[in-house]
Every structure is written in C-alpha cells, then in structure tokens.
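The same subunit A turns up in both complexes below, where it pairs with subunit B and then with subunit C.
== the complex of A and B ==
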C-alpha cells in the first residue's frame, strides 16, 4: 500500500455526544415494513400511531418511486390506557376485506411495545375465532385463493435496534411463522438482506446460472420496482410466494448475504439452522472480486457450476480495474450507511486502491471493524470505524480526513455540498436522484457499475478542477 | 395607524367601491363538465367494499356539494384502523409542520430515532438566513432513546442533550418535542425544559405532541400554536425604527414550501407592506417573538394556525384576515383586502399598480395554458387548506374541480368558520389543551373598533372569519374527508381526472393508473406556487404534466390493436 496514505488516514475517533445529530439509521418498523412487502400478497401493518406508517411510507415511496401501502391500527390516546387490541382487530378485518391479502404482517411500534401489547396473543385469538368462510366471495375477509390471510407478528420497537434489525427480524419471524416441516427439498434459500430490486434480479440470475433451484426471501424486486400496468393492482404482484417461504425450513441450505445485526436480533438463516437443521452459510454482500468470488465458491460448494457469462463478467471487471487504476490509486473515501453495505463497499474499495478511511454506520452489531480487517487485512490500522454513529461524526471525519469521495445515501448530500466532496449515491434512502431501485451494487456486474460511477466521479472532479480544461482524461 | 380610518375610505368613489366589492366577493367555481358522473350514486358506491359498520361511518365523510345550502360533513374524527389513511400524527403537525421551519431554534426530538429522522428536511421548507446568523434547518437532533431510557426514564438524557446543544451552538431558543413513548413512560418534557431555561438563561420550551394525541397532525398544530403563544409571542419588542411603517402584518400559516414565502415577501415589499413575522416559513425566533407588534394578522393555512390568530386578537387586539395567495386572482383579491384594511391611499394605489403589472406579465402564460388545459377535470385530496386554496389556481386556468377533500381538516374548513360554535368536541379533541386567553393589560391595543370592523365587512373585508371549501366548489362536486386509498382509486376510475393533487403516499398509485399526480405537500421538486410568479410556475407545471406525451406510451400499441384475422 502507498506509504503516503498513512498520514492522511490517521483520524481520531470522534467524541461521542449525548444527542444523535442527523442520525445515520432509521427505525425498526421501517425495515420490517420493507421486508414484509417482499412476500407475495402481503400487506405490512404497523400496530401503533398512524404517523409511523405515514412517515415510513413517505420515506420508502420517495426512494422507490413506487406505491407502498402500509396499514396502521391508528392507535388513539384512549388505547394507550385500555390497550389497542380492538383497533388491531378492526384494522386487520378492514385490510382483509378491502385488500384480500394472502398475508398481513403485523409489526409493532414504540407505542405498542411501551404499553406492552400482547400482539402475538391477539393474533392467535383472531386466528382462533375465525370461522372457515362458506362463500369466499361473500365474506370479504379472505384472499383470492379463498383462505383467510396468514397473520405474522414481529416485535419492532425503534428503541431496541435499527431499520436493518427490523428488516432481519421480520424475515426471521415470517419464515418461522410460516414454516411447514416435511420432506427435504433441493432448494437453496438466499437471504439477501436490504438490497435494491436490481440487486435481487441479478442475484436470481446468478444463482440460476449455477443451475441451483433457489428461493429469494424476501423479494421486493417486482413489488417495489414495477412497470406500468394495464390496470392498477392494489396488491402489487410479485414477492416470495408464501408456500415456498413455508418450505424454506426444508431447504438443503440457506445463504445469508450480509446479516450484521444488533446483538439479540435473530437472522432467518440462523433460525432455519437452529430449528430445522438447514445448513447455513453466511457471506458478506458480494461486492468486488473477493467477496463475489466467495459467493461463487459457496454456490459451487452447493453443487452448482459457474456459468460462462459470469466468468466473462469477472474478466471484464478485472479489465476495468486495470483501465481505471490510475484514476483510483491512493484516493480515499468516507463511507456511511447500513453496516452490510458499508462492509461490502469498503472491502471492494480497498481492492481497487481507494482507502475507505472512515466507515460510519448507525449499526450496533459491534462487529464491523473486525469483519473489515478479516475480509480486507490490508485495511488493518488504516480505517476509522464508527458504530452507532451519526452525521455529526461523519462531518468531523470528513473535515479531518479531506477524502476524495463520499460513498453513501442521499443524506450525505448537505455534507457533500458544504465541504465540496463528490458523493456517489448507494443504498437507501436516495431521495434526490432517480433510479434508486435500479442501482445495482452486487456481483461482478453490480461492481462494474459501481466501479464506473466511482471512477467517473473522481475523473470528473479532476477534470473540473483543471485550469486547462482537458477534454481527454 | 391612520387616526381617522374612515377619511381615506370616504374619498373612494362609489363606482370604485362597487368594483372593489365585486372583486372581493367569493370566487366562482369553474362549471363541472357536462359528462361528470352523478355524485349521489357515486357516494353510495364508494363505501360498498367496506364492512357495513365502516361503510356507515365513512358515508358521513362523503358529501355531494351544494354551495347554496352547504351540507354538513363529518371531519376531524378518528381514522378507521386499517383503512390506509393519508394522515400523519400529532408530532408531525407540531414539529414537522409548525415549529420545524423556524431556522434558529434548535429542535430536539425526545424519543427513539425514527421520528427525528423522518422529519429531517423532507417538507422542502426553505430559508435564506442573513449572513452570519444561525440556520439549524439542516440539523435534526434526537435523544435517540434506547431500551434503557424506556425502562428507567429519559429525562436525564434529555437535560444532558439540551445542555450539550447549548454548549455547542448557543442558540436563542431550544424546543423539545415528545414522541409516543415519552408520554407513556411519564417523562415530563416541560419540567426538564423549565429547569434548562433556568440554568442556561435562554428560552427552552417543550411540546407534549406524542403521536397518539388527537386524530391526525391537526392536534399537533394546535399544540404548537399553544406553545408558541405561551413561550414566544410577545417576548420581544419590535425596534422603534421598524415601527415607522404602520402597515405591518404577520403572515400566519405559510411554511415556505418550495419558496412560497420568498415570493410573498417579494410581493409585499413591492406593495410597501412590512412583514413582521411569518409563522413559520423563512422565520427566525425573534420574528415570532416580536409578532405582537404587527397591526394585522394574515391567515393563510387557517387549519394549522387559526388558534394563534384568535389568541393574538384576544390578547393584543390584532385582528385577523383570511387570505389566499394561491392563484393570481386570489392573490390580487387578498392584496386589495389588506389595502382596504389599512385604509391608506398610497397603499391602495401601490397595490393596484403592482396587481396591474404582475397580472400583465402573467396573462400571456395564463391564456396560453388555459387554451390547452381549460375544461379538464381536477381532483384535490390534500392537507387542511390546500385542497381549497388550489381551487383558485385551477380556476385561473379554467380547470373544473370535480372532487376534493382534506386529509386532516375540521368541519369549518369545509363549511366555513360560521359552523365553529356548533362543532362538538369529542374525546379525541378534548385532550388538546385550550388556552384561556384574556386581553393583556399592558400590550393590548385595539386596532379596529367593532364599528370599523362591521364597516369593513360591508366593503368585502371580513375580519375574523372565512368561507370553507364548499362555498367555492361547484354544485354536484364530490367532497370526501380523510379519503382512503380504495376510495381514491374508485373516484379516479369514475371521474378520469386530467390531474390529481395529493401527496407522496398516493402519488405513484395515481400515476400507475395513468393519471399525473402533483404533490401539494412538498410540491415534488417544484415551487414556488404562491403569489404571481408562483402562479406562473404552477400553470406551466400543470400544462407540462397534463399534456406530457409519456401518458400516451402507457398502453402499448399491441394492447389496443385489433386481433389479427385468419
């Protein structure tokens, strides 16, 4: 590694403040809502104040630029005293009637967790007292298949974790609740974490390419990145089919991509392994050559054969590295966002000669620093990692490090503008550009796209700063 | 103030007055297209998919309009659970809407992380802060409560956070906002604020705006009004050099989304109207603190701020006038009312001159856009005043409003302020404090006598009251309160509007149906739309949206082509 970098990356760990200033994470119910939206025919339902559903819808809709319905029990002040079960029951009945969903995923909020609502019990009582509908068309409380909607419950108080925890908790809760043990299947369950619809499509293509029968859990790719339709459908098509999610417990293997969560949050992959004996593999998000190679090895280990096109994509990516290295060497970046994404990006940036001098996440796994060094040993001692961080800390580090680049979501824009450091937008939320759903981060192909964006951002900066105005860079 | 207000008015000729009265009267609706579906049948159809009990409840929120005998509508009642409402929460109304735009108050959200994050610069309220002065708009501070504080209480952390903010930034004021768990665990934000106020010597005040209070963000507006009135308004004096011009107003309920307040500031400056404070777009703490020295309160979004207008009138003697600066004709009318109120010949002339110049510049655009969009139907489902105000803007370009409704309004927003005494207070509203206000023995100064107020009313300047949406809407148009997703979809299918004005939560549902949707909460990426230049922006924006060729691509040619024969 370049010696010159050592001085530039020696930044002190920022001072911890009492307040969180411009937070670098969102709340658990947001993550849970997003995960639940990735199951077929499902309506996410937040048990609490309606503001939670409204704020979260506004946030996710602005990112995906797609409809995103989240129901709410619209708890009022009296229910904080007498309990919210009747609002929950009414709300579920109304969603069932109007939407005819296959599943309603109920996530709790700060309010219902603080008053100690027994949501699991309430849902069991609804399930228990619901008669089999004689005429599905007459009784609105059924899905188009004639069955009453499955009811799933996940506990998501914002004070207990991050949006990523909420996401993973909802996936685990759903997989656990739907599980129907039985004869083993040949399927490989892929648990992709919080990635973009374009990433999910690409993952599907990759695993398909290995000739492996597989299932993505959950899968928001169609429901949150849909085309125009002849007729608007209230329940957008797509998502992980519930019957297949129910069979996940019989799969031959589960592969978790990412999965850095706060202590206490269970991953679906762990649940499948502990409770049902499914072999669980855990990998970092496949960004860059090293981390994507690791996915390839895992899939080969599961009996798949890498397709030729994947090999070709890898070759093109390495070729692009060669073409671009002169623009990248000895550059530095500050990264912020979700732990999984920051980890994958940091390992990749190190691979192309850009030092991820500081990595700030709102996550609380406490494992990011160790994972970074494990996966990219060359970063040992050269990167400042801040867990449970905020943008005050990002700003402090950017001022101290003067990086060439910021890599993160839209929330970094004010900083990018104020300190005049270019921002490459990745992850969630992206509210100031189109194409968030189409942004690919994963695999050789996703890396290729990131590589071009990062390299071009640096070239553009150098070109703009040139007094001469070179048109050949 | 003019010592003898009638003198100037008396000098105006009868002919001028007749014109003024006509100009100041209620606005006329664009007639509904001839093929508009029958409202009564549609009103019934709208609630068909609900369970019967929910259907009965929702029916009370749905009315077919008749401006001559304004119907009674149910509003501001608790949302039906599971209905997928557009509504937000009390905290959103208090912090997000009313207090949030003030640039130099440090806003600390006491609660878990999400609430502060989601209200962080998402409303597109703008500010231009004088060089060297604080602007905390880009920041959102939260105590980021964890399980530990939920169990053992968060007051200590809150106090530490306030102290920290003070040490770092030395703001003039710090406001604290309570979120759901705070009220439930019994943290007293007011006591902590009082302690900090004492200790730090700056104004620190709290808001009990937990998300579950009331039935929508409307409760938060009221709580915000109360807090500002109690802790800020009247705490500073307007410097003497700023008291030279008696034509001094506050602009209440203007939050500077997309720069609306900038345009109104420009228009006011041209007319010679001194703006003491806006509540609360592009406003600083001291503006609000000095606002009791204005001589007229102009009320834009009455839903979010009428409490403030009423309380300031009682305590300080400042009358209030409902205005609408959305739409060129509406803006002109509002300016004329202000001029009549101040009864100042120079102002009256200047206002007329400004209106003439601004309308002359705007007219070619208006006429051209009207030629392309006139007669095309519009639906508006948004807010607590915008679904009304924007009807004036659409009237400018000849677009009929076939259906409209609010998200969090009360009955008076539909039926007019005249119904306020008849509104029953239900359990959900009862918990929102009503301040007891009396005339201030020192600061009260009657600006207009009852006789003068009556006189002004006769001349078309009605102080202290407003018409609701229904008075301006055409007979037969559909009014739906707190509309649900399913109802909105049905209305779109039936009315086939050329454009729907709504918010981000509906936007992409509407656009998936092949209909353009203009967000009127945060204006998408556009604005300003207020005043004259804003009106031009809106005309061209609607023209662009309605006539964009993209809508022609939605259905592929093979989907409509006849099946091949043979």
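== the complex of A and C ==
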C-alpha cells in the first residue's frame, strides 16, 4: 500500500481553454473596495451599474460575516450615452449626506472605463465647488469633524486584472492622493496585502514587538471584524487613519508583504520609493520559518530587536515541525488562490516536506514560477505552475496528480468533494465555514496554526481510511 | 426619527396614513447603497436553474464569478447550471470586440458539455463595445443544432425587473418549439419557482396527488425540452409574480394559456393556490382530493406551528426581500406565528404590491421600496424589531444590531414552500429569535431582557420619517 501510495504521475500542463470555467479570481473593483474599506471613515464607491456594488458586497459579506456598505453611482442606460458624471456627482453628495465619511474612495468598473469617464476630472470639479469651511453644514455633506470628505479615485476596469491588482491599485492611489510631504517621520509603513483581520492584528503585534513605530496601510482588521454594537455603525471604527496615511510619504521605510501583481499595477511601496524616496522593502507573505525569518531580518535591519516571545514562537514552531514531520513525508498538495498567498504557502509546504505539486492562480504576473524557485530552490522542476488559471484546470491537475491535500479557498470545495481530497481552507473567499476573519496565515504563529490544520487533515484522512479505527495516531 | 434621502422620499411610507402610493420600479438613487443588484442579476436568477443548458456570461470575469452556484436551485439530473462559464473578456476584446471570443467559447463549451441549449448573458460592456451577440448566437445555433439564446441583460439597462423581462423574452423563444403530443388536459407549468432547497419537488408532489401533470418547470429543476413544449399545458401557475408574470401574459397572448398568480408560502396561500388549480379544472373529484390533501398536510404541521407560536407570540419583525409578492405571504405567515410586521419592503415591488401591503399590514407599519442599510438599520431601531427576514446582505446588519434573522433568499438550505415549508419557517424563525445569545448583545443587555422574554421598554414605534435635504 505504501509503495503504491507514493507513486506519482508527473502532471501534464493543463489544456488552455478559450473560455473560463469556475474562475480562480475575482474582479478588480472587489479588491479596490476591500482596500478602501481599510481606511478610517471611508466609504468605498463604485462608479458603474448597481450590480457591481451589490454583488461585491454579497461576496465579501459572506466571507467576513460583517456588514459591508459599498455605494454605487447606479448609472443608467442614458449615462452610457451621455456620460455618468451627474450620477457620480449625485451619488457622492448622497453618500456624504448619509454617511458623513472622512473619505469616499471611488473605483471605476468595466462599464465606466469603457465609456471613457473622466472620474479624476469629475472629482476635481466636485472639490472645486464645495461649500466654504466656514459653512460646513450648508448641504450636510460633512464628516463629524466638519470637513468635506476627501475624494480619491482608482481606475479598476475588471478586464485589466484581478481583485489583487484592484486591491494594490487602490492602496497606491489612496497613498498617492493623500500624500502630504514634510518632515520625515520614524514610521515604518507596512503594506500587508490581502490578508485576514487576524493576520493584521498579528502583524501589528510583531512589528510592535520590535519596538518600531509603524503604520498598517490599509487596515481592515477592526472594520471587518468588529463586535456587536447597539446601533448600526455606518462607518465602522478603525482603519488606517487618513492623517497617518498622508504621512506615509515621509516614512523611513515601507515594507510590502506580497505584491506579486500584474505588470502595470504599481505598488504603493513602489510609489512611495519612486516619488518620495522612501526605502522600499519587498517580501513574500511571511508564511513558514524561512519567509518569516526574512521579515524578522528586515525589521532588525530597520533597527528593531526581535522580542523574546517571537523567538519562543519560532522555537515552538520548529518543535511542531519535528513532531509532525512523519505525517507529512512524501505528501503532495495542489494549491489555488491569490498569487501571493499561493507563493507563501508553497514555499512553506516545501520546508515541511509536502510537495506543492501544482499551483494554480488567477493572477497574470507571470512571475510566480520564478519566485517559487528563488525562495524555495528545492522545488525546481517539481511544481506545475498555472497562471491565469481556472478550476477546470485545477480539476485536471488534481485528477492527474492525486494529491493528498488541497490548500485554497472555499471555491475548491466542490472539487474536494467530487474527488475526495481533503481541503484546508485559507485565504478569500471562505464562504462555507465560520471564522474566515479569524484565520491566521502569517508569522510563526499563523504558520503554527496552518501546520496543525494541514497535519491534522492528513492524520484524519489516514485515520478514516484505516480499517482498524485507531484512537491513537 | 428616521432620515431618508430627498430623492427617495416617495419610496417610504407608513400604512394607515392615507393612500400609500410609492414611486417604485425606478433606477436606484445614486449613492443610496441600494440592496438591489442589476438587470444581469434579474436575468441570471430566472434562467440559471435550467440545469441542462450552458449559461455563458459574456463579459469580464466579475459577473460570472459572483453568480457561480450561489443560489441553491437543485436539479434532479444534470447540473450544468452549477458551473460558471465566462468569456472572460480582456483589454484586447474591449478594443477589438469580443464576438470571436464569444463564438469560440460557445463552440468549445458546447463540444465539451453537450448541453440542450445555451444562454448567452450580455453584461454591461458588451452593449458598449458593440458586439453583435444575436448574430453570433444565430451562427452557433445553426452550426451546433441547439438553441443558442441571447439574453439582453446589460446591467445598466435598469433594475432587476428589467432583467426578468429579458429572461422571459429568452424563455419565450424556446416555448413553442417542442411537440405537445400526449399532454393531458389537467396539466400546468410552474413559473417563477426556482427549486431552492428542493421546493418545487414539494409542489410537484401535491399536484401529483391532486391528479395534475406538470409539463415544464420555469425554471427550477428546469429542462430545455420541457420548456419547448410548455405551450401545451392547460394552465400556468405564476409564483414569484415579479419575475415571470410577463412570461405568463405572453404565453396567454401567444397560446391562449390562462394563468393564476400563486404563492406557496404560508398555509393560507398554499391552500388557496391548490384550491385555485382544482377550481380551474372544474373537476369535482380533484377538488375532493385537494380538500383531503390540504386537511392532511395542515394536520401534520399545525402542532409544530402552535408550538413555535407559543414562543414567538408578540414579537415584531422586519421583512426586506427581493419580491413584494413574497413579502405579502410572509406578513401572513408571521401573523400565523403571532408575529407582527413592523417594516416590510422589497427590491422590486410595484405600486400595486405596496398598496396591497399597506392594506394588509397593521397601521403604522413601514412600507419601503429599494431600501438600503442606513434606512433599514434606523427602522430596525425605531421599530425595535426582534427579527429580520431577508437575504445575505441584510443578515450581518441584523446580527450587528442584536436582531434575530431568517434567510428567505437564495442561500436557504431548508425548503420554505408548501405546508411543510411553513413548519420549517416557524422552526427557522424560532431557532434564531429564541437563541440565548441575544442576551449578551448590547441592545438586549441594556433592555435587561433575553431574546425569549416578553417585551419591556419597547422603543416608541411610529417615529417620524424625516426627509433629508
């Protein structure tokens, strides 16, 4: 049994289809909405048909299990002929009246990009004709502080990239639009990528532990993982404070985690470096010992000192690796999801003895295969990487490889069920379990949790398949 | 006091304050954070349960990915409808057109899956980049020998209702192309039931016991070949009136088939639907069978309903759902459980629907069209509701405010239609309202009462509705 169990078929490269079946990505406006939701007092606003905002709300609500208000200009057929500026202007005024936001983040959609809307110009015109600060209540469109909301604009036509590109574009656009140059600060700007609220809380704790003054940009941790309130929070508390985001251009350094996006989408960290001379460090998502060590080294390089508890967590993680390694030996996994997450997970799985035999993402950076081998050289020649893939391709690879495990989001469940391969749920979306916001992936601590889940999934499978019914494994 | 945007002033009213005449069926107000989706959504929800067809979304990826198997429309056979197909347009298609991409996608998917038909949904940019979808569909249909049906569902065309119309148009193109030989006189088509959680099978079983044959499901557990011969049925039953009444009207006009509007939610409406069918066919024996069926079914579920009612009596509910027809049934069903409706609204109701709701509900009940989180949350607070009945987008809003919730939308996994559905509904409502968790939420903790105790310190209901400048 053991021998047959380990005999593997080499994976063919899946057939490329003209059409897409069961996509392995979401659209740019979704990522932009999520990023904008991570700024304090901000309402994401999609300039397009009403459906874009509603579908994206539904999708994110099902993941976070939190309210997610996204406004829409709800443009009508006439707007596709005569332009949608009046819908945009009315919509912004209505959001300002009802929400009193500190910022409205306007992201475009395929429709408004295709009809050639001049959103930047329209926002500038709105800014130019606002009431004087002396009479801030003139039309009610003021934030609780009395200021008119800041307006930022990000271009996110769905056809140009993935939700991750949309996320990164929105972060860069917001940081660029808010930037207020001035005296340098001691802050380290951490650009965390599309990770969970639990990851963001842990990152804060880690960088705090190094004694470094820092800022997460953006930070959805409180706004999309909040407690129960007595009244509805139209603007959930939390998020990156706008004043601090404005000072990001004066930070001593920026650290981007992930950011393996399509060419053409500049990262906020790159913008900070190119335009404002902020030193930019770019790392993979810190998953596993090697990639988290890289973050630790970077933070030490910035003058921080690793806290003792972090060393202890690393020690316990290595101990867990040792305790569990026999359950993992010669096992294989198929991974799917966002490029950054798949990269981090694949490098990590390699270091615990699990071969990430196939990695499928909806991303189109074209850099995933090279990055994988750069960060985990032992994987050279052992991984099938599919960019711009869909679940038809994932299925083909799973059938060919018969992996022991699927690692990815809940969209892989139908496949997991059909082909009877256990699925360890990570990333976004997780629509079929509670706790997506509490799922930790990053740091030694996040890795520890992933390690236990992956190892236990394999143990459980072996236990279930055993005719004996061992109560000890 | 509840604030409402000036542009929406005529979409909110209270029952018992004179004639309720809402200005509905209009484009959502920009920036209002409407709970509605778009034209595409309307078409997609009506057509997608047809299980042996390919549903190809022509556009960039978003529209397809957000509608991938998200509604639990079950099939007793093929499950092609649960796959998400997209032409996945890219920048080059936006510049040079997407017709070739559409044609090649259709050829590829039809060869791969051998469907009985293909529906092609036009999304926003398709109208703008000028693809001739009709011509591509015609060409592929001729080549492959199956119906390839364009659906004019560009999102910006209007509200979800407009998408219903486009879907009905697509269905009309199929009806009348099949052989009606052998269809008995006592036969019906089921319109506007999407077989969520297997509901259509409950209705079919009732009809079987009555002696009525179902020709075609439009569209839950739907099959292309059945729909092609739907014009042979003796009667069309229209549930979810918002989406398929137009189709029923068109079928009456084209084929003379009469139709009845029905609702399968709640004991009264379910029984009325079955009696209406029996009376239509003027068959005394069928009427006897129906009486026996209704009596038997009600006897089975009444103990459950009585038990739940004992726990729910005196509670107050908010209803915000897609269609107003369902809202009407829900008001009645809640009444049977001793629950008073304090707020009722829908995404796609008509002025007539809202007038009827205003008459049906107690004076003071808030009636609202195309609402949003700001309004709904304010009303939940001013009306001090214990329960919210809605869909996925309303759920976290209710939970965050310490209000119980019952999903009456596409994500439901428990059938709520039929007599048994009423018992399930009662249990679903009780499961949430009577949970001990509410005692810890700030709203209930402050009131010093748990979710299961009688109301005290009720907020003043009937607070004013203020129009914002």
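What we mean here is this: the second predicted complex is superposed on the first by the 456 of 473 C-alpha atoms of A that agree within 3 Å, B and C clash if a C-alpha of one lies under 4 Å from a C-alpha of the other, contacts with A are read in each partner's own complex, and residues count from 1 in each chain.
One rule holds for everything that comes next: contacts are C-beta pairs under 8 Å (C-beta built on N, C-alpha and C of every residue); 3 or more make two chains touch, one makes a residue touch a chain.
Note that the structure is predicted; figures quoted are calculated from it, not measured.
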| item | value |
| --- | --- |
| Clash-or-fit label for the pair subunit B, subunit C on subunit A | clash |
| Which of subunit B and subunit C A:336 touches, first, second, both or neither | neither |
| Partner chain(s) touched by A:76 [first = subunit B, second = subunit C, both, neither] | both |
| Partner chain in contact with A:444 - subunit B first, subunit C second, else both or neither | neither |
| Partner chain in contact with A:167 - subunit B first, subunit C second, else both or neither | neither |
| Touched partner set for A:52, first subunit B, second subunit C, both or neither | both |
| Partner chain(s) touched by A:87 [first = subunit B, second = subunit C, both, neither] | both |
| Contacts on subunit A seen with subunit B and repeated with subunit C across the two complexes | 17-23, 25-27, 29-30, 45, 48-52, 54-59, 61-62, 65-67, 69-77, 79-80, 87-88, 90-95, 97-98, 109-111, 114-115, 140, 157-160, 226, 228-230, 232, 234, 411, 414 |
| Residue numbers on subunit B that touch subunit A, as the complex places them | 49-51, 54, 78-92, 108, 111-120, 122, 138-147, 149-150, 157, 160-161, 164-165, 179-181, 183-185, 210-217, 427-428, 431, 484-486, 489, 503-505, 507-509, 512-514, 554-555, 559 |
| Subunit C residues within the subunit A interface of the complex | 3, 5, 7, 27-41, 56, 59-70, 82-91, 93-94, 101, 104-105, 108-109, 123-125, 127-129, 154-159, 373-374, 377-378, 380-381, 392-393, 395-397, 399-402, 440-443, 446, 468-469 |
| In the complex with subunit B, residue positions of subunit A that touch it | 17-23, 25-27, 29-30, 45, 48-52, 54-59, 61-62, 65-67, 69-80, 87-88, 90-95, 97-98, 109-111, 114-115, 140, 157-160, 162, 226, 228-230, 232, 234, 362, 411, 414, 431 |
| In the complex, subunit A residues that touch subunit C | 17-23, 25-27, 29-30, 45, 48-59, 61-62, 64-77, 79-80, 87-88, 90-95, 97-99, 109-111, 114-115, 139-140, 157-160, 226, 228-234, 411, 414 |
